[in-house]
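One chain, chain A, appears in both complexes that follow, with chain B as partner in the first and chain C in the second.
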Partner chain A sequence: MYLFLLRRVGLMLLTALSLSFIVFCLTNLAPNLEKLARTEGSVRMTDDDVANWVIQNGHGGSMVSRYGEWLGVVPGWVLTDEKGVTRGRCLQGGLTVESAPRFCGIFQGNWGTSTVFREPVLKTVTNKLAATGWLMFWVMMVMVPTALVLGVLSGMREGSRTDRVLSTFAIASTATPEYVSGVILIAFLGSATAGISPVLSSWGWIEGRTLFQGTATSAMDKITFWNFALPVITIALYGIGYIARMTRASMTEVMTQQYIRTARLKGVSFRQIIIKHALRNALIAPFTVIMLQFPWLLNGVVIVETLFNYKGFGWTLVQAAGNNDIQLLLGCSVVAVFVVLITQLISDIGYVFLNPRIRLS
Partner chain B sequence: MKDMMNTGPAVHAAAIMYAEEARAGLMDRREFLSRATALGVTAPVAYGLLGLAAPAEAQAAKVGGTLRVGMEVKAQKDPRTADWPHIANVYRGWLEYLIQYNPDGTFEGRLLESWEANADATEYTLKVRPGVTWNNGDAFTADDVVRMFTRWTDASVEGNAMASRFLGLVDEATKSLREGSVVKVDDLTVVLKMSLSDVAVVANLADYPAAVVHSSFVDGSDPSANPIGTGPYLPKEVAVGQRAILARNADHAWWGGVAPLDEIHYIDFGTDPAAMVALAGSDEIDCNYESTGEFITVLDGLGWNKLEAVTASTIVMRMNSASSDLYKEKAVRQAIQKAVDPKVVLELGYNGLGTTAENHHACPVHPEYAQIPAQTIDPAGLKPALEAAGLADAEFELISLDDGWEAASTDAVGAQLRDAGMNIKRTVMPGSTFWNDWAKYPFSSTTWNHRPLAVQNMSLAYTSTGSWNETGMANPEFDAAMARALALADADARRTEMATLETILQDEGYIIQPFWRSLYRHAREGVNIDMHPSFEHHHYKWSIA
Partner chain C sequence: MADWDPSKPILEIENLSISFFTRLREIPAVMDFSCTVMPGEAMGLVGESGCGKSTVALAVMRDLGKNGKIVAGSIKFKGRDLTNMSEDALRSIRGSEIAMIYQEPMASLNPAMRVGDQLAEVPMIHQNMSRTEALKLARQIVADVRLPDPDRILQAYPHQLSGGQQQRIVIAMALMAKPALLILDEPTTALDVTVEAGIVDLVKELGAKYGTSMLFISHNLGLILDVCDRLCVMYSGEAVETGNVEEVFDNMRHPYTQALFRSIPLPGADKNASPLIAIPGNFPLPHERPKGCNFGPRCDYFKEGLCNKGDISMSAVPDDDRHASRCERWQEIDWAAPPAKRKAVAKTPIGPVVLKLDDLKKYYSVSSGAFGGGASKVVKANETLSFEAHEGETLAIVGESGCGKSTFAKVLMGLETATSGQIMLFDENVQDTPIQARNVDTVSSLQMVFQNPFDTLNPSMSVGRQIIRALEVFNIGTSDADREARMLELLDLVKLPRAFAERMPRQLSGGQKQRVGIARAFAGGAKIVVADEPVSALDVSVQAAVTDLLMEIQRKNKTTLLFISHDLSIVRYLSDRVMVMYLGHVVELGTTDQVFSPPYHPYTEALLSAVPIADTRVVKRRIVLEGDIPSAMNPPSGCPFQTRCRWKSEVPNGLCDREVPPVKVMAGGHQIKCHLDDTILNTMEPVIKIAAE
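== the complex of A and B ==
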């Protein structure tokens, strides 16, 4: 067990290291650095100025040593330009060459400063991750129960009318990507000019102009049903179909097992069979699928947060990538690796408790 | 001149001349107000010269309330390097200007009580408004004004947008303020002694990078970090890409009295105009920053009030000969320019909400606008011109922002060029990446804001030394004519130079400048705001009924 955990943590660190190195290399390609120089300095700089800016701001030298600086295993750069101004990686917040530490990478807890948001990366990432956390929480609260109920209902009696109807819904919802369902939902429920809102408004059934709010920006301050329902449903719809299909498959398989038949022959009621005998075994596979949804959710929030203007992790990632914000992108990728691998770890451990036949080591 | 006026200070001779022209119908009222106030005539006196009463100040507005404005929140910058009105609209909360340009075309003294120009516009006397204090308790004096001119004229600062604005005050050798050019006469008087005539001084002092900062301001720093200013508000929060909150500064006795609104919230919803409509519909904002294209009618349909500003704002599809060899030849540029019918672009790109322009970036609302012969549109001439230059098979790329009227207008240009036989590729970019390189693209569209005088945009964009030259144009004749034009205080005299400038710019063929936009924004019922031709937000004028 402990060996397994240890191996998992090791794997996690290794993945974070490799991924951050790849992101580092990509963001440090010459054209990306030039773009950064032009945003940070001035759009009208000459090519010589740009080259100079890149070196003066610590983006010169070999990529590996700069990556080492970011990690904190190589001393941070210190440079003095022709105007006599000394700058350095570690010289933030009024520190001088003498008082600043030599190493200041993430091993020392220094994640750098975001060039887009002008604040420490760690602060940005934790704030945004908290916002996304709320989104994910509500998505899970909606998605998991709905999907399980749908899956179990349709898997109970394979081929029945209930099964066909629910399966059609599940396939349709999982086949619709978020950027399609999101737009349809906004147009139908959250627009003052289209969908059902104008009708409801003219009947006097709703107070404002729209039933739901078409953006989730106000949810950053206070989450309400009206500003959060649409983004949550948009993400959940996609997962609901998928998990429901998995649950159904697993449920149908269980329902054909010998012990279920035996139970029926014994005269146990159908209801008792489902609740006492079928459910636990049928839920093992969906559990893994649900845990696998976390990486998918991290993916989905990029689109949904941008669509609904919800300023969470996904939206931040888009802003960071759009502006080649090196430090922030690195921070985001490390965090993403940890989120994904930790949920997988929980999934593996949870699996053992659900299925005694599996051993971790 | 004194004998002509019964009371008050002397009125500039040219202003009286203008008034006669305006009364005779040779000049419209807007032009007159703009020119007369630029010469130091106060707005009420200017209206008086026309025999009109100045519009009454808005009736005492109700104090209190929070206004939510949908606007992109960009990172704050040292004001003199600010490159977007959005940036300025946030720091306008606590930083003020010496002079303000009002939506009706007049200039109004803010931190200056009045100003006066001499006959050939080489010497300006600035009178500082007495009783103005900084929100840390310091008095605002003539020293602050002198200090600001030093800051503005410092060309060694990268991206200093003010550096090229006061050429008459700059020492060529040191690229900074010339010794003895800005003189403090007493605590409330400053005299500008310029080496050349400059008509744009007043307009430049009112432009958005010209915000007045405190002596403790650290060069290049974020003004919201240590918000010492003279204005009525303070930044409560500035979160880039998210929101900015201005709250009335309770501890500061603002010279202008009480600004009605308690708080102003700028909320960033990205650049998609469709998002604004959704927000207006779901009552998450009280007004937007700007309404464009088809969204104007949609917002009208929601029952919001439409606010209009007539302007010289425009879009320019410009070629850059410095960054691409395709546009080195004048004949090619001219053929491309003449292949595009401005009427079509206005109709398809901007729903006809403006007037067509003449590919020379001078608008009839500018006081010095000169009529030059109309161009003939000739799509058939493009293909032969490209063949003659050996570019018949070359691929051209036309770049624009990815949404709104900018994309639609650029599409309309691209489609016409394609129809005329050019092998053209359209590329769209999101705002976050597009503006990083805006001046460098070989062929792209750029939006230009309204400026009160035609020479202002032209000198910024098309002189070889202009700080926003995005075409690579370097025409010595144009530069010389511009220098002459900037030395003529009288707009009528400037008009002959203007004709030369317009002709050269049009003839060089660098720009396709299809139309002038009227600008609109919308506000819900009960919100008292206005639309400004340069997107300036004068917070103290705003209120909620």
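== the complex of A and C ==
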């Protein structure tokens, strides 16, 4: 078990390193740096000035050594320009060349400064990740139980009317992308001029002007059912259909297994067959799918957070990309890589507990 | 159930008809089936696959699925009709009054539930027993089915047990509520013969102990003779003959029963002097059954206008114990007449040595952890394999699963390379040459016929195309037309109509597919053919035809046949020499007569004793091996067989525990790997005796 964990963690670190290197290379391409120079310096800089600015701000040198500096395994750059101003990677916050540490990369906790938010990247990323964490938490709380119940219900009697109805719903919901379902939901439930809200409001059934709020900005301070329901439902809807289909497939397969017949011919009631014999076996396959939803959620939130103006991780990623915020993009990608890898590790371990045929030892 | 009289039948099936309904049509699976099981009686249901025997069993349990329906007749259990019972009433009978034992124990046990919980569930449902009580009962029953260390077993998951242990658990589960009727659906088909012998003994003993009636379904006539009092032979959805087991075996009154007995290898059958007689033709599909007698088109006694006139009903054979036959002509047929078609052939002369193995070893190293970690262990799949095979000879390799016979085949074919030792194929050393590196001649002269014909043909390629492909690979023929002609010749060789070249594998029956497999193996003029259980997936009547075909091709081409099998009856019938393997070791090697008569290696003795023989004249000594085959990963010290050997006490000084026995060469080149002294070996008595002859 420990050996397995150790190997998996090692593999994770290796993956994170290579992925962050790729992202580093892509974000630090020459055109990006030029754009950075014009936004940070002056828009009217000459090409020579730009080249000079890039070098003076530590973006010269080879890609590998800059990556090393960013990681914190190569000493940070220190340069003195022609005006005698000494600048360096580690010289932020009033530190001098003497007092500053030699290394200051992400290993030392220095993730750089975001050019959009004008604050340390680490702070931005943790804040936004926490906001998205809440969103993901509620999505999971809604999505997983609903999907499993739907999947089990439709899978336990394949071809029955329940199965047909639930399967149709699952296929429809999974076939609708978030930007479509989000817009429909806002128009139908969260608009003061369209959908059912004006009607309900005129009847006096709801207090405000809308049934749900069409924007989730206020949820940044306080999450309520009113402001958070729509983004959660929008993301969950897609996942529900998908997981429900997986669960159904797994359930129908389990129901045809011989040990289910054994249980039936032992005299076990249908209800008990489902609960005691089929469920655990049927959940093995969807469990992996559910864990795979975490990385997908991290992507999915990009659209939904932008749509509902919820300032979370996805929204930040859009801001960073749109504004050429290199440090923030790098920070986001590192975090994303770790979220993905850690959920996969949890999924593998959980799989072992669900399936007694697989042992870690 | 209080009003049921124990002298009345426990199960009475009358004129039962079952159909499966598909979108296209109604497919009758069982027609007009009747049988009676008295208390304490064991009733056998015999027939080939597709004859409806399992459908009858499931009908008794009323578990025919969504498409299956009982369309006529009644099933009375203890006087109550099961066919119109409510779901709730059925549930109280299932598991408590009628229990079932299934063909594949692994698949019938819930993989994610502990064995103890699965067993305890039965009394908890039917007798409202508490969990602790139920587990206590489970422990007792597990001990009853003679499983070692019941506490550990109850805590185990099914995959942690061996096949034989799993089947014992399924039996224990069936016995938890002490049912009045036990349905056994091919309970030992998936198991090795020595394990099968243990299970059969257990079933008989428990049947006697609890007075349970049994409905025993099998395709193996020998097993039926072993276990049952009465039997019912089924053919294509109908019972064709029913009666007392001895009566039916010795005085059969239906042509199908007779043909069935003539197609299975019994002691005394010989491939040259008295070959098996295959039943001509094919099993009719359920919706293509002929008018009148279903067996008519394949019957030697068929009479136009009588047998195909209309439905034939069962008629009682007088003077016998409830013996009946579904034949119009049973009174006219001379049942004692010898079969007309049996033609003897000359023995093929044995040629020079074509294959020589010298001290061949194959070790695998495996890691023990599920995720690749853990200490690596060496599995000794083959140990010091030395033998020779001659041209035109059939050498049988016999042993139970895990004995290394398939590994040997892989090494020989070049799918694996040997760890050490030599394989001389003609004049060439091939032990280190993997199949990719072998030249076309070597590959085409050494071919294989596989066990499962259903999986070895490409489902999306026509039969002819597959054979032509083999010809192309072997560089045979110069043009497409040439190969086409050769392909048709090969179809002739395996006695398939030439029109089959256009067919897809799914349109063929199992026996026909195996013929295509044989044609493919012989496409390059193979000199040595490894046949890995070529007929074990086929029905008995087809088995005879396929073995016959193999023998005929062998005679024609002087092929050396390495026949890998676990079925000793067929081995005895067709092989010239036999090699017995156990845990990677060759324990006995000799001519068929030498191996099948004393002196035996103790393992061969047990193996022979375990084979069920469908002949009432045969008297067998029963030797049941205790325990399971040790794991090849962790073999016992000294002699590989010492853990289960009943002769071990005859060897002084615990030699068996310490040393691997040397190969002892007896008279006539008969080799036995055993520490037993010659004098003791010579006192061994034959396992199989034919009485009154």
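We take it that the second predicted complex is superposed on the first by the 359 of 361 C-alpha atoms of A that agree within 3 Å, B and C clash if a C-alpha of one lies under 4 Å from a C-alpha of the other, contacts with A are read in each partner's own complex, and residues count from 1 in each chain.
Just so it is clear, a contact is a pair of C-beta atoms (placed from the backbone, for glycine too) under 8 Å apart; a residue touches a chain by one contact, two chains touch by 3 or more.
Small disclaimer: the values here were computed from a predicted structure and weren't measured.
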Message: What does the overlay on chain A give for chain B and chain C, a clash or a fit?
response: fit
Which of chain B and chain C A:Leu3 touches, first, second, both or neither: second
Task: Could you look at A:Thr168 and tell me whether it touches chain B, chain C, both or neither (first, second, both, neither)?
output: neither
- prompt: Does the superposition put A:Arg280 against chain B (first), chain C (second), both, or neither?
  reply: second
Field: Included angle at chain A between vectors to chain C and chain B, based on C-alpha centres and rounded to the nearest 10 degrees
entry: 160
Task: State whether A:Asn355 touches chain B only (first), chain C only (second), both chains, or neither.
output: second
Message: Just checking: does A:Ala192 make contact with chain B only, chain C only, both, or neither of them? Give me first, second, both or neither.
response: first
- prompt: Regarding the shared-chain residue A:Tyr259, is it in contact with chain B (first), chain C (second), both, or neither?
  reply: second
Message: So in the superposed three-chain picture, is A:Gly267 touching just chain B, just chain C, both, or none of them (first/second/both/neither)?
response: second
Field: Closest Cα approach, chain C to chain B, once both complexes are overlaid on chain A (Å)
entry: 47
Statement: Overlap of the chain B and chain C interfaces on chain A comprises residues none
Contact set on chain A toward chain B in their complex: 35, 38-39, 41-45, 116-118, 186, 190-193, 197, 208-210, 212-215, 217-218, 220, 306, 309, 311, 319, 322-323
- prompt: Hey, which residues of chain C end up touching chain A in the complex?
  reply: 61, 63, 66, 91-96, 99-100, 102, 104, 107-113, 121-122, 125-126, 157, 159, 170, 173, 369-371, 373-374
Field: chain A partner contacts - residues on chain B that touch it in the complex
entry: 75, 81, 83, 158-159, 222, 239-242, 267, 269-270, 275, 277-284, 298, 301-302, 430, 432-433, 435-440, 467-468
Chain A - residues contacting chain C, complex: 3-4, 7, 159, 257-259, 261-269, 272, 276-277, 280-281, 284, 354-361
